[in-house]
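Labels run A, B, C and D following the written order; every chain starts at residue 1.
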Amino acid sequence: MRTKEEYHASLEAMRPNIYMGGEVLGRADIPGRDILDLTFDLAYVPEYEHLTTATSHFTGEKINRFCHIHQSPEDLMAKQEMTRISARMVGGCIARCMGIDALNTLSVITYMCDQAHGTEYFPRFEEYMKNFQKNDLVGCCAQSDVKGHRLRRPSEQADPDLYLRVVEKKKDGIVIRGAKAHNSFAPLAEEIIAIPTRFLRENEGDWAVAVAVPGDHPGVKLVCRGARYRDRAPELASLHSGKGEIESLTIFDDVFVPWERVFLCGEAEFGGQMALLFSLFHRHSYTGCKPAISDVLMGAAALIAEYSGIEKEDHVGSKLAEFISTAELVYGCGIAGAVKSTKMPSGTQVPDIVFCNVARKHAGVNIYHEYDLLCEIAGGLPATLPYDKEFLSPEVGELVRKYLKRVDEVSVEDVYRLYAWVSDYSCSGIAGVLQYAGVHGGGSPIMEDIAILRTYNMQEKKDLVKMIAGITKPDIDIG
Amino acid sequence: MRTKEEYHASLEAMRPNIYMGGEVLGRADIPGRDILDLTFDLAYVPEYEHLTTATSHFTGEKINRFCHIHQSPEDLMAKQEMTRISARMVGGCIARCMGIDALNTLSVITYMCDQAHGTEYFPRFEEYMKNFQKNDLVGCCAQSDVKGHRLRRPSEQADPDLYLRVVEKKKDGIVIRGAKAHNSFAPLAEEIIAIPTRFLRENEGDWAVAVAVPGDHPGVKLVCRGARYRDRAPELASLHSGKGEIESLTIFDDVFVPWERVFLCGEAEFGGQMALLFSLFHRHSYTGCKPAISDVLMGAAALIAEYSGIEKEDHVGSKLAEFISTAELVYGCGIAGAVKSTKMPSGTQVPDIVFCNVARKHAGVNIYHEYDLLCEIAGGLPATLPYDKEFLSPEVGELVRKYLKRVDEVSVEDVYRLYAWVSDYSCSGIAGVLQYAGVHGGGSPIMEDIAILRTYNMQEKKDLVKMIAGITKPDIDIG
Amino acid sequence: MRTKEEYHASLEAMRPNIYMGGEVLGRADIPGRDILDLTFDLAYVPEYEHLTTATSHFTGEKINRFCHIHQSPEDLMAKQEMTRISARMVGGCIARCMGIDALNTLSVITYMCDQAHGTEYFPRFEEYMKNFQKNDLVGCCAQSDVKGHRLRRPSEQADPDLYLRVVEKKKDGIVIRGAKAHNSFAPLAEEIIAIPTRFLRENEGDWAVAVAVPGDHPGVKLVCRGARYRDRAPELASLHSGKGEIESLTIFDDVFVPWERVFLCGEAEFGGQMALLFSLFHRHSYTGCKPAISDVLMGAAALIAEYSGIEKEDHVGSKLAEFISTAELVYGCGIAGAVKSTKMPSGTQVPDIVFCNVARKHAGVNIYHEYDLLCEIAGGLPATLPYDKEFLSPEVGELVRKYLKRVDEVSVEDVYRLYAWVSDYSCSGIAGVLQYAGVHGGGSPIMEDIAILRTYNMQEKKDLVKMIAGITKPDIDIG
Amino acid sequence: MRTKEEYHASLEAMRPNIYMGGEVLGRADIPGRDILDLTFDLAYVPEYEHLTTATSHFTGEKINRFCHIHQSPEDLMAKQEMTRISARMVGGCIARCMGIDALNTLSVITYMCDQAHGTEYFPRFEEYMKNFQKNDLVGCCAQSDVKGHRLRRPSEQADPDLYLRVVEKKKDGIVIRGAKAHNSFAPLAEEIIAIPTRFLRENEGDWAVAVAVPGDHPGVKLVCRGARYRDRAPELASLHSGKGEIESLTIFDDVFVPWERVFLCGEAEFGGQMALLFSLFHRHSYTGCKPAISDVLMGAAALIAEYSGIEKEDHVGSKLAEFISTAELVYGCGIAGAVKSTKMPSGTQVPDIVFCNVARKHAGVNIYHEYDLLCEIAGGLPATLPYDKEFLSPEVGELVRKYLKRVDEVSVEDVYRLYAWVSDYSCSGIAGVLQYAGVHGGGSPIMEDIAILRTYNMQEKKDLVKMIAGITKPDIDIG
């Protein structure tokens, strides 16, 4: 396992291909690196290592769990718990699930494809994966194509490149063209795993492509946008002050990929299965990180209530109970997803699709409501809080401090620290990113509905009602 | 294990003490007996016996799971699955959980009380329980006191009997007085287990009483109300037609209980713990039966959509996805409740309190909404459907049948059967009972909030936010 | 204006053509007649006559407002207020809106059709209407066709009669065939006004038919279903005990209609307009009756809270505020619908379509939730309340009364009366009918969405955002 | 009426007393001035002047409606419509309601206080108001005290200054001390009207104080926080780019106020009435501005759907219908509030309290949900959109433009403009401010519940149910 210092060195050796705000940047100061750092650090914290490390099924060695292919329900539960614990420390996305979720996906589908088509993707994948584990790499997943006209299929778009596709097959590899949107933390990943985003028809094999490329591979361009927490005077700063996160529109501008990094190329039916399975793994990840965000939101609401003297009020209690319900319904169904998981022919453990999807959907439909709950308890101050400069000012600081005081037991500095961070977290660009990510990250509620409806055994329920209503005869003597 | 015929014989031997509609009834024709019958029948169905039977931890013998004290997470999961499968066959309460949930409660609390007070409740309970298992008895739980003024404690009521209490202690037993409301299916139980309904203060020992009495014990009076599905001509009847359920206000009119049937008497602090633990077991039961009711409602909605030709409509799909989400969030958290369960000193396995409470609450806050969803898909017909007499009438039957026809593939008789049953299920007194039971059975959402807030580790979340906001220092180097 | 006694005499003279429960009934004892009686009585109550009577625009005479064609915004507001006041007295539908809403519709559309096609429907309608006013008749509206396969148009059904249609045109009139569902209170109406239920295509003129026929006209068959409140001993009875309501599937079995009673026959485009306009008038009516039902539900909830000693609890207050919000948002938008109403060429005042539709929709999407709120405050007792026979029984009555007692100030008889009525109102077949009617009566939420989306000026909002986003130039210098 | 240029000159003449980000600022470049400019400009636009101007009841002259004391229901409706039209142009608060709402409040309460106490506040107010109208001034309202411990009354706080209070009475005036929070746009107001924020007890007369002071009055310190829309290259800029809004914590650091500017001083019972009445006027204002924000949000959602090719999708339609419902329920109840308004003894027209409160509450409880709806339709792009620098970049601009293209008919520049503005509006600090303001501005939902419950005639509803349930006799023969 690497340390974060080794990770930094690796990042710094990469070619600058990050385009942001008119500059071309290297990876020395990309917002969000501290988040990935935590995934390295936690692997060495004794209290957490039963969660943050795993045993490689290739080598039997101890590895960072973010490099592990799940082998058992226990692995899935550990992955979920690790995600909750680490995501709540950073107050958001822990940034390293996408990569490992994509790799777990490849482990399953390459095997199935080889069985069906006699291809050799699975052994290729295993080689790639062994190296990935050995070097404790950071990956990300480039999945969402830019999609153009939303009702047109890849093959129907005015520009065929609006979904990533193979434009040339060569002896030693393939050339791909297209762009993947919403590629969170891509500038901090050493490996970009690109997979399809939707079901494909028989004639859409060109879009059935999965590859892994280094983040600074020739032709790869990361067009980025960042969001940062506001900077603050050190004595009032939060753990997040000045830090942030980064998003990428990842462009594959005729990128050559050698065959040993190609894991699907033309087998259309597995394109859709890959898309679906990545969604499943990623929705399972969300059963860890979404409760983490609820943890942070409810903690903030409870602390504001305490600092304001209203923690015993009925309406505060019922709002806190709403947070808890949301967090634990999601988390509980993630556990159920592990309990009802399936071991695939490749050996990978795949969580239950219904439980993971209802859980992810429940998180997604509640994220704005959770912000609403925090806002209701917080009052208007996060939107109108004076700046740290005035709080500390020789001229008006004393007055500002006088008037921000709440209950006797809590210093006005702590009141300020809390409100300043709540302001950052709920009333800033970061809040917007968290809200959008809460709805769309890992798949929007409408996508979960589709997954649920496709999978669920509704016929069984209709048959049940036919029997009850007297339309069919019961097979056992009941009721 | 008994057969239903043996159970019937036992019921019929009981003293008539059921007061309903001006009559005093025996137990030969109480609505709902068919539901309890099913709990006997299913224990003999090979397909289900891995769920519906268990192994007695006293004798190692195969017993009906409704007589079992849970020994492992697997027991809790089997109990939950059995409940879902059987409850959906009867379209509602399976009627035998209350008894076994109360007995599991007694198994834990009698042990704890003995440890704390040197009492001998636990061995007494074990004797009682062995006999209960051996005779495969049907129990019910009389918990909800009638409560009088809702803001007054038992000791503050104008009439102290508004909570069940001990009015006399004798050498060979005790005399109790009071009444328990909402006692579902009590007339069909051979044993009534009465336990406290709330936390009690030190000076409220008189109300800390738990006993088991035969259903026809001297002084026990069951004042009942029934609800029945409408009767219908046999050729149009549903499985439920003419059947129903029954509720009891169970009055203990100075009832003498011998010591061997007394499991708490005066130890106030264990009164509250008993109340809480029964709620927990019963809320776990609800993670089985509430999804069963969702199964039935969603099956009905899906079948109506199919029979009307609209099953592919977007709004139908999104409504079905809502049913599924509700059902599976509740069910999934029940599973999590078993996974995170605890083995108590008595040996009994107790499910996790947070998961069971958020699950039960989610069911409770959604039941009316689920009826709304069915109503929206069904249209107005369940409220305005002609009677079976007209459907079959020589005079207007042909016209009625002509005008109730929907898609070509489905006979008008099947359309009628479906709608007639949906009318019974969603637009009748039975519907009202299901709605009220959905909200209040096993504890109202407001009670779950209280249980959640009492239990949840909110301090951990506040500490997390203190650390993030910079109020306290992190103990590990994070973010 | 008639008295109810005159109305009764008229009903009793009608031919028995009501098929219910295997019998053919006359109109002497149809459930719901007391509701229509109230519409006669209230016209003579001085306190209400400014609302319940109007001035005929034909004769200048004082008429029952239920026979009035609205001439002004004030008329619409008086209609709305009358509806709220009278509907809440009967706890549900006041039963006489459908007729007058249909007649207001005819007043507008017959005029427009005459202008467009040179037909003579409007003068014909005026003659009919004068007679209707003079005789103070009770009308109902038969609108909802039975519809068969829900995705097929009238002309695409396997059986063309699944939408009411003209099967023959004769010199002196037309012959119609079909059936109308959900025809509330039709057996108590002297006149049935039948109008189309949907938009029609050019080739669907046969289905563009509007007529008025006497309720006992040859060939008209009313296949009915009733719901009644439970009977109760007189000393415990509610105002509703033993009373009820009635629904009809109204079959037109080759009914001959003379030309003077035909108000549309073949002009397809006005079929749809008639359907839409009736919906509009009827949704405006709902802005009166739906708040009335909220009035009853909230009054019940508040009274239960008072009788239980919890009326000052926070959660009770917030639930009552929810009832108020629902009631007054709906009612307030009905007022806005009158304020923003339009005088049509025929002279009829038509309310605003957006306000009436958002109001009706808001009522419809909240009705189950309102029942849920009542249920939460009521607790389980409405589902488990002992019968009046036991409450009054010499044997157990004293015990029952002892244990149903709540706060000191309220007699147990009053507690019982309240709960018994709440049980009827929220936990019985009547509750189901009120719930279904709340969702679907006057048009389901999904129909209101369609009406809103068709009508609303969304282009204006898109243009606004184009201007703000910098896509178009602002026409004035703003912001 | 002034022009905006005259207004600017007035602002620039004011003393710098704005503390923001470590600087002391004058009023030359305060974010949000363009918003107030619009209130001057619109008074001269012929299309709108029937709304944006009014007739002074003092002089009969045409004045800016933002300086008007409402005299009729029509005035209230015009105020509401003006607010909707102007607020939607700026996409948020129009910044000039607070002042005029406070002045309307003073007009009513000063009169009532004079009647009750023989004070002379009303004539004093009239002099002040005439001058305010004549000079077409901009006012703001400083109402929300900082409040300290939220469960303690003003007189119970550790620091009595946590509610604004009179610290000294002199011959020529009074000295006040305290601070008012959440004082939107205060730096752009020439006059600050300070009024109490809550009900006061008899012994709390020191806190019953209402005054008007110039914004740069000695001792007045505005500690501010601003939010700005992101700057953008001119060819891609929105109307809002680079603009913003400003909030103030307004500190009264022993401010001397001459008697002619004092409108309440010690009459405790009118403190509460003033607080309540300002809330009422301001909640009526919100029935104009909140629908305006819905207008903008729904326009954005509809335009995104159009640009993405999904505007005909069912789920888009149903989401748009939700926006419309929210907007028009709120707006319709504002109209009802005007229709049911009351003329007070002072001549001022006061809107109905129930309609205004249910409307404001409905807006408040839906604002986060509306953002959620927009987010669901928008997809993740607002959170991940590349910056304008990259969109226009010679190096990667062509690629960015290629991959952001959607439907054929819409240029990628327009797609970008739309998304960039949506990003600003829904995924930035401005979004946070709009969300917090949507919930708390003009009073939180919990405050509206209190106002509703205090005012509503719930007794009438309880009496209704008593009559229906048979507890009391009906006074007329009904049902």
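We adopt the following convention: contacts are C-beta pairs under 8 Å (C-beta built on N, C-alpha and C of every residue); 3 or more make two chains touch, one makes a residue touch a chain.
Everything quoted here is computed from the prediction, not taken from an experiment.
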Other chains in touch with both subunit C and subunit D: A, B
So which one's got more C-beta contacts, A-D or B-D? A-D
Distance from the mean Cα position of subunit D to that of subunit A, given in whole angstrom: 38
Between the Cα centroids of subunit B and subunit D the separation in whole angstrom comes to 50
Shared-contact residues (touching 2 or more other chains) in subunit C: 313, 315, 318
State the interface residues of subunit C toward subunit A in the complex, per the touch definition above. 313-315, 318
Any idea which subunit B residues touch subunit C in the complex? 19-22, 24, 144, 146, 148-152, 158-159, 161-162, 178-179, 181-184, 221, 223-225, 247-249, 251, 253, 308-310, 313, 315, 365, 367-369, 371-372, 375-376, 379-387, 389-390, 393, 395-396, 399-400, 402-408, 423, 426-429, 431-433, 435-437, 439-441, 444-446
Per the touch rule, the subunit B residues reaching subunit A in their complex are 34-35, 38, 41-42, 45, 88-91, 236-241, 243, 295-296, 298-300, 302-303, 306, 317-318, 320-321, 324-325, 328-329, 331-333, 335-337, 339-340, 354-355, 358-359, 361-362, 414, 417-418, 420-422, 448-449, 452-453, 456, 458, 461-471, 474, 476-479
